[in-house]
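These notes concern the structure reproduced below.
Order of writing sets the labels: A, B, C, D and E. Residues in every chain begin at 1.
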């Protein structure tokens, strides 16, 4: 079903993001469809409006953490929030907030709250 | 035995996948033989039918997670599902479903179910 | 709010750091604004003063650990100290000291002290 | 002692392996000396006999997992089997078998057996 | 203080090591100063004496593990032995011995001994 409704590579606008030095290849559709009200969607909906700067290879430069952006891009691809145990959720939350993806930020905040013991105020988890 | 039955590099069609920005080099045979009914096999069985788009270096573009695709490619290579402890199995399941590899998706769902305590409803594991 | 106050890529000075062989792409603003008194800020505030050497692709060479620099760059981006469990905090502390980011070094020292049992004198944690 | 008996780079035949898309640089001597009866040693002992295919940069293409090959290459370098905790030993075993390194496969099988509780039949560890 | 005594990039001899396929950028000073009696220091003290072979981009080829070399290079940079929990210390020890850095090898052996229960004879830790 998925195969017929989403032909791969046909009629899709591919682009590469250079996030803090690491390259992510995705489609414009992934960046704008799942969360159309996010800042990230606004950045990539209309080409040339935001003045996104590109590196010499044409990748869009974003001055953020690649490691913590990865689960966000996966969320935009399939709608599931999936994070490895070794990744600090607070890092993902910072990126979700920066890119203005509010439903994801709420979900991450709830996950952090439920994973933290009530009396823990440590700055590093 | 393996050495004589599978000569390396001889008579094999090599290709590179650009999955979300990371490159995977494999053979067409790996992608189509182990799970011939999967969407992934269909995508690569007949060249030029699916209109798979290629990047400037000829790698086939797929807008998915490289990290969670890795165990799937290994499964197609040797038939074993092997996942490191640090990898969230739910991420691998999303890719197995996307690529339409049903026996693998079933195996992953069973593994998730057996690893989860009965009352755990947390969105992130 | 963030979207309108910080247009991405417009009027920003992008640069790449080659830290021990790994590339980090960021803006001069990130390196000099959050901690203006740090050595790192001094190194990049005035171009050509410090004689920072560049590699053949124009990335600034710094002979330090890329792995432990990563959380420091994220801290300069958004002001939060976020470290994955798998990363040895003492490694991040060495970089914070090297780059002369005193508030961060203090925060890291406190985190190390609070995570260490009182009688542990082991050289490796 | 090692320094005088093994001059680095002198009289050595360097080659690069492209394993599943990741590059490993080593010497022919490493691949053929430690385990001369392995399939891997046979593949690289006599140039041009096996018809190993090379990528555009001259690296030898092998359609296997780079992550699980890494400890195998280290074993061939110094004779010690060393695996990080985060790596699934079963993945290394699959590669040891594929490359026909029998003493290593035996060692890995023993390690898996000793690490598994007697009643555990889970497909994923 | 550090800033004035060690001007970055000025009067420094930068070089790149290709260790098993991964690139490390550092200075000759880092490789020879901290442990002047080590084999590594001897290899890089006098150019062209050891016949170190270089790859096509001028990086010095060394047939060893990049992953376990990383903490060794950091040690040469700042004198501290810092290892992430996920890294097998025995791997770092093999590299310290290979490069002939005796004080580091002793420190690593002590750390391994103190972390091992007295009756554990398992080949893999």
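The rule is short, and it goes like this: contacts are C-beta pairs under 8 Å (C-beta built on N, C-alpha and C of every residue); 3 or more make two chains touch, one makes a residue touch a chain.
Here the structure is a predicted model, which means the values were calculated and not measured.
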Subject >> Required minimum of steps from chain A to chain E, each step between chains that touch >> reply: 2
Original post:
Through how few touching steps can chain B be joined to chain C?
Top reply: 2
Original post:
Same or different: at the chain C/chain E interface, is the fraction of residue numbers used by both copies above or below half?
Top reply: different
**OP:** Report the inter-chain centroid distance for chain C and chain D in whole angstrom, where each centroid is the mean of the CA atoms.
**Re:** 36
Original post:
Taking each chain's centre as the mean position of its Cα atoms, how many Å separate chain B from chain D?
Top reply: 22
**OP:** Please list all residues of chain C that touch 2 or more other chains.
**Re:** 85-86
Original post:
Among line, ring, star, complete and other, which one matches the pattern of chain touches?
Top reply: ring
**OP:** Can I get the ring sequence of chains, opening with chain C and turning toward chain E?
**Re:** C, E, D, B, A
Original post:
Can you list the chain D residues touching chain E in their complex?
Top reply: 2-3, 7-10, 12, 14, 16, 22-27, 30, 70, 73-74, 77-78, 80-86, 89, 107, 110-111, 114
Subject >> In the complex, chain C residues that touch chain E >> reply: 18, 20-21, 39, 42-43, 50-55, 60-65, 67-68, 85-88, 90-91, 94, 98, 100, 122-124
